[in-house]
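Below are two complexes that have subunit A in common, paired first with subunit B and then with subunit C.
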Partner chain A sequence: MIGDFFIPHAAFSRVVQEIQQWGLIVVSFTYLLGVVNILQVHSAKVQRRSPEAPYSIVLVVSLLGMACLGIFHDHKSADSPFIWLYNTVYDPLSATMFALLAFFITSAAYRAFRARSTEAVLLLSAAILVMLGQVPVGAAIWGPDSFLGGFPGVKDWIMDVPNLAGKRAVLMGAALGAISTGLRIILGLERAHLGGGN
Partner chain B sequence: MPEKPSLLKRLEFIDRRWLFLALAGSIVLPLLFPIPLPLYVSPMVQDLYDAVEALPEGAIVLLSADYDPSGKPELEPFHVALTHHLFRKNLRVVIVSLWPAAPPLTEIVMDRVGVETTYGKVYGVDYVNLGFKEGRQIVMKSMGSSIRNTFPTDRQGTLVTDLPLMEEVDSYDDVAMLINISAGSPGVKEYVQVVQSRWAVPMVGACTAVSGPDYVPYYKAVPQQLLGLSAGMKGAAEYEKLVGRPGEAMSGMAAQSASHLLLIAFIVFGNVMLYLSRRKGGA
Partner chain C sequence: MDVQVWISYALTLFILSFLYKDNPLYKLAEHLFVGISAGYYIALAYQETIRPNLWEAVVTDGHYWRIGAFLLSILMFTRYAPKVAWLSRWPLAFVVGMYAGINVIAFGSGDLIIQLQSTMLDFLHGGMGAISNLLLIVGLASSLLYFYFSREHTGALGVVSRIGVWFLMVSFGASFGYTVMSRISLAIGRTRDLMLHPLVTAALIVAVTVGLFVWSRRGGGADQEIT
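Presenting the complex of A and B:
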């Protein structure tokens, strides 16, 4: 697959295309593995009568219910039971779970975001400037036509200069790390992923 | 009789439900009583709009909608505004999804925009929805070899060979632009790494606000790997403004402003209390 990036030859591309098709089929079966794994873990919890057993029952019933509706019933038209459950249960629950993050951030902002060192002061100052530059009220307080481009201008500078430099460094570091780890695995120097000894 | 805790201590250990209530108020009140605020369009979103605007009429765009309901409040407003823009410009659109929960959201957007009723577009001729395919980066790469082989049928099970639009599209070489709306992985980063860097297809993206800083390097690269980027509800609001269709994102800007101000107030207040308690402790 990596070689395909560097070898633009029709014969080689055909082989890669075939391997890609295998890959798609294999990946599809991982869903089956995932379902089996979930059923094993949660049926064990129910059998043990663990305190989380009711949640496990809800999970398994929801999983099997949606799967049955999807497999044995129409799951694409807007008035199907599958889409009805998606729109009325999954959609609002999923959005709610994500929205709860805002409340945790609020609590953290009050209790944890403390300027205990110079680095923390810099981090908090940058965060406050970006938060103000990110929303219209920041532009209303100190507009883009003002000195330094106002809060939006300062926010753009923070994102385009220090943030960009840091992100590029992280990206390059991660890429080099991935290459070296890949080489170690290919050369057999790294075997931890196979389990067993050190 | 136990000593009553000082005001400072009581504020430090305030019941967090009061904080939650304050946040809920800062979001709900501006939604109920909207406050008009100036909306500044950032260069990244302006460039995204300009890139789409520069496409010739009839050009084919590959739209990969990769988000689920958790990212919907941030990304759906952009998706709606973009869909208006694409069909108003008479572009033809091939839609795919690499997230399993995305296809129903795409259909909701198409219905809300009124692609067939308002713009008079015909399915199969002006747009197709190929639905979801599992495989993440493998699917991205496979589409470079053949979209028709990767997605033999559309979302409704129709053979792609029966769709007139798909006669003209079989790889990234056949699309004028790749647009990715993504709430995470696989998304903008993977499309840049696997597709844009290999096929050099012009690409723009929309992502959640938290992912925005991660993708700025691709927008700032020379030559640009992303021609434009919209991050979060703010980016969507800017796009709505550019398209001239104020929607949910623009109406949510006052709520987002108020909640940001509240968070900043909490951070400042928390640090003032830290300073005061340190002074008191050191005295």
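Presenting the complex of A and C:
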């Protein structure tokens, strides 16, 4: 994989692409392994007649039903049962799940955002300014035609300058971490993923 | 009325019922969500990867060496046979090694170099823009120094890393504000959707409320703390 970056040769690229295809196939089979695991856990719950057993049945039936519809039927056309289930069940459920987080994130913020230190004040101010810059009521209070571009202008500046500086530092730190971990794995210094400790 | 509307609205309200407390309707929707999502991604993995890259590649295109990928994948399931469970490490080692190799290059050229390149900004000309550019450079350098743990953060390093913390805090606050707004916009989206058929919504709200009331009267959720 690393060699592909330094050896721009068609034959070598073909070998690398084949290895990547193998990787994709193996990763796809890990989903199947996950399903086997889910089935094991939930069938054990049903056998034990646990109070959660009816929910386990719902989970297993919906999993197998959706998977079978997607595998054995058309999975792309708008009127297929697979897409119907996606639009009727998956889409509203995922949107509502994430929407539900709005309530908890707000309540967590109320508890966490106490302006006790300089850092907390900065965090709180940035969050409030960004939120005000995002909504129409922010622009109504202090519009984009006013000094500094109003709340929307201040929000854009926060996102483009101090936020970008912090984000970039985290991104670069994560990149360095990923590179060093990758090299440690390749050199065999890191073997925890194989379950054998260090 | 379209059955799709009834089902999607009911499921939306089942999830929102968690705001009262953990209850059977929420658990039903939650388990359904997990099952449907897992089934969806399994079907996608088959249709988008296994079928074209393995089945059709071997059967139609005659790429018989892909059977090797299949055999390697099957080795993952040996973890259920304790005597040969060690074989399940082979596909894992293959995938981890492959992605480690990809990541070294992807993060190096895609993140590290490009981010550094984008920070090489002119801070001597351009008025207010130059001040912003200078702040960006100072913010990045000081934030990076905050992550430098090989020396104790005292003296000049302590001062610079503290400035770095301030930039990081502004960044976290901005990200938090953005996340809150995106979640609220999702909540507004769901509410607008529910308002498209107000009679269905009203009927389902009554049904869910009655259901929760009956469940609560029967002692359901008595062990839960209201937070």
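FYI, the second predicted complex is superposed on the first by the 183 of 198 C-alpha atoms of A that agree within 3 Å, B and C clash if a C-alpha of one lies under 4 Å from a C-alpha of the other, contacts with A are read in each partner's own complex, and residues count from 1 in each chain.
Criterion: contacts are C-beta pairs under 8 Å (C-beta built on N, C-alpha and C of every residue); 3 or more make two chains touch, one makes a residue touch a chain.
These figures come from a predicted structure and were not determined experimentally.
J.: Let me test your reading of the model: by the given contact rule, A:168 touches which partner, first (subunit B), second (subunit C), both or neither?
T.: both
J.: Scan A:106 for contacts with subunit B and subunit C and give back first, second, both or neither.
T.: A:106 contacts both subunit B and subunit C.
J.: For A:156, decide between first (touching subunit B), second (touching subunit C), both and neither.
T.: Only subunit B; A:156 stays clear of subunit C.
J.: Quick one: classify A:47 as touching subunit B (first), subunit C (second), both or neither.
T.: After superposition on chain A, A:47 lies in contact with neither partner.
J.: Looking at A:143, would you say it contacts subunit B, subunit C, both, or neither? Reply first, second, both or neither.
T.: In the superposition, A:143 touches subunit B alone.
J.: Which chain, subunit B or subunit C, is in touch with more residues of subunit A?
T.: C
J.: Could you tell me if A:17 is touching subunit B, subunit C, both of them or neither one (first, second, both, neither)?
T.: A:17: touches subunit B, not subunit C.
J.: Between subunit B (first) and subunit C (second), which, if any, makes contact with A:55: first, second, both or neither?
T.: Second partner only, subunit C.
J.: Common interface residues of subunit A with subunit B and subunit C?
T.: Residues common to the subunit A contacts of subunit C and of subunit B are 1, 4-5, 20-21, 23-24, 27-28, 30-31, 86-87, 90-95, 97-99, 102-103, 105-106, 109, 124, 127-128, 131, 134-135, 159-160, 163-164, 167-168, 171, listed in rising order.
J.: Applying the document's contact rule, which stretches of subunit B touch subunit A when the two form their complex?
T.: Residues of subunit B touching subunit A: 14, 16, 19-20, 22-23, 27, 37-40, 42-43, 68-73, 101, 104, 107, 111, 133-136, 138-139, 141-142, 145-146, 149-150, 155-157, 198, 209, 212-214, 216-217, 220, 232, 234, 253-254, 256-264, 266-267, 269-271, 274.
J.: For the complex, which residues does subunit C have touching subunit A?
T.: Listed in rising order, the residues are 4, 7-9, 11-12, 15-16, 18-19, 27-47, 49-50, 53-54, 57, 65-66, 68-70, 72-74, 76-77, 80, 89, 91-105, 107-109, 111-112, 115-116, 118-119, 132, 135-140, 143-144, 146-147, 164-181, 183-184, 186-187, 189-190, 193.
J.: Show me the residue ranges of subunit A that touch subunit C in the complex, using the header's touch definition.
T.: Spelled out, the residues of subunit A in touch with subunit C are 1-2, 4-5, 18-36, 38, 52, 55-56, 58-71, 75, 82, 84-103, 105-106, 109, 118-120, 122-131, 134-135, 157-176, 178-179, 181-183, 185-186, 193-195.
J.: Which residues of subunit A touch subunit B once you look at their complex with the stated criterion?
T.: Per the stated touch rule, the residues are 1, 4-5, 13, 16-17, 20-21, 23-24, 27-28, 30-31, 76, 78, 83, 86-87, 90-95, 97-99, 102-103, 105-107, 109-111, 113-116, 124, 127-128, 131-132, 134-140, 143-144, 152, 156, 159-160, 163-164, 167-168, 171.
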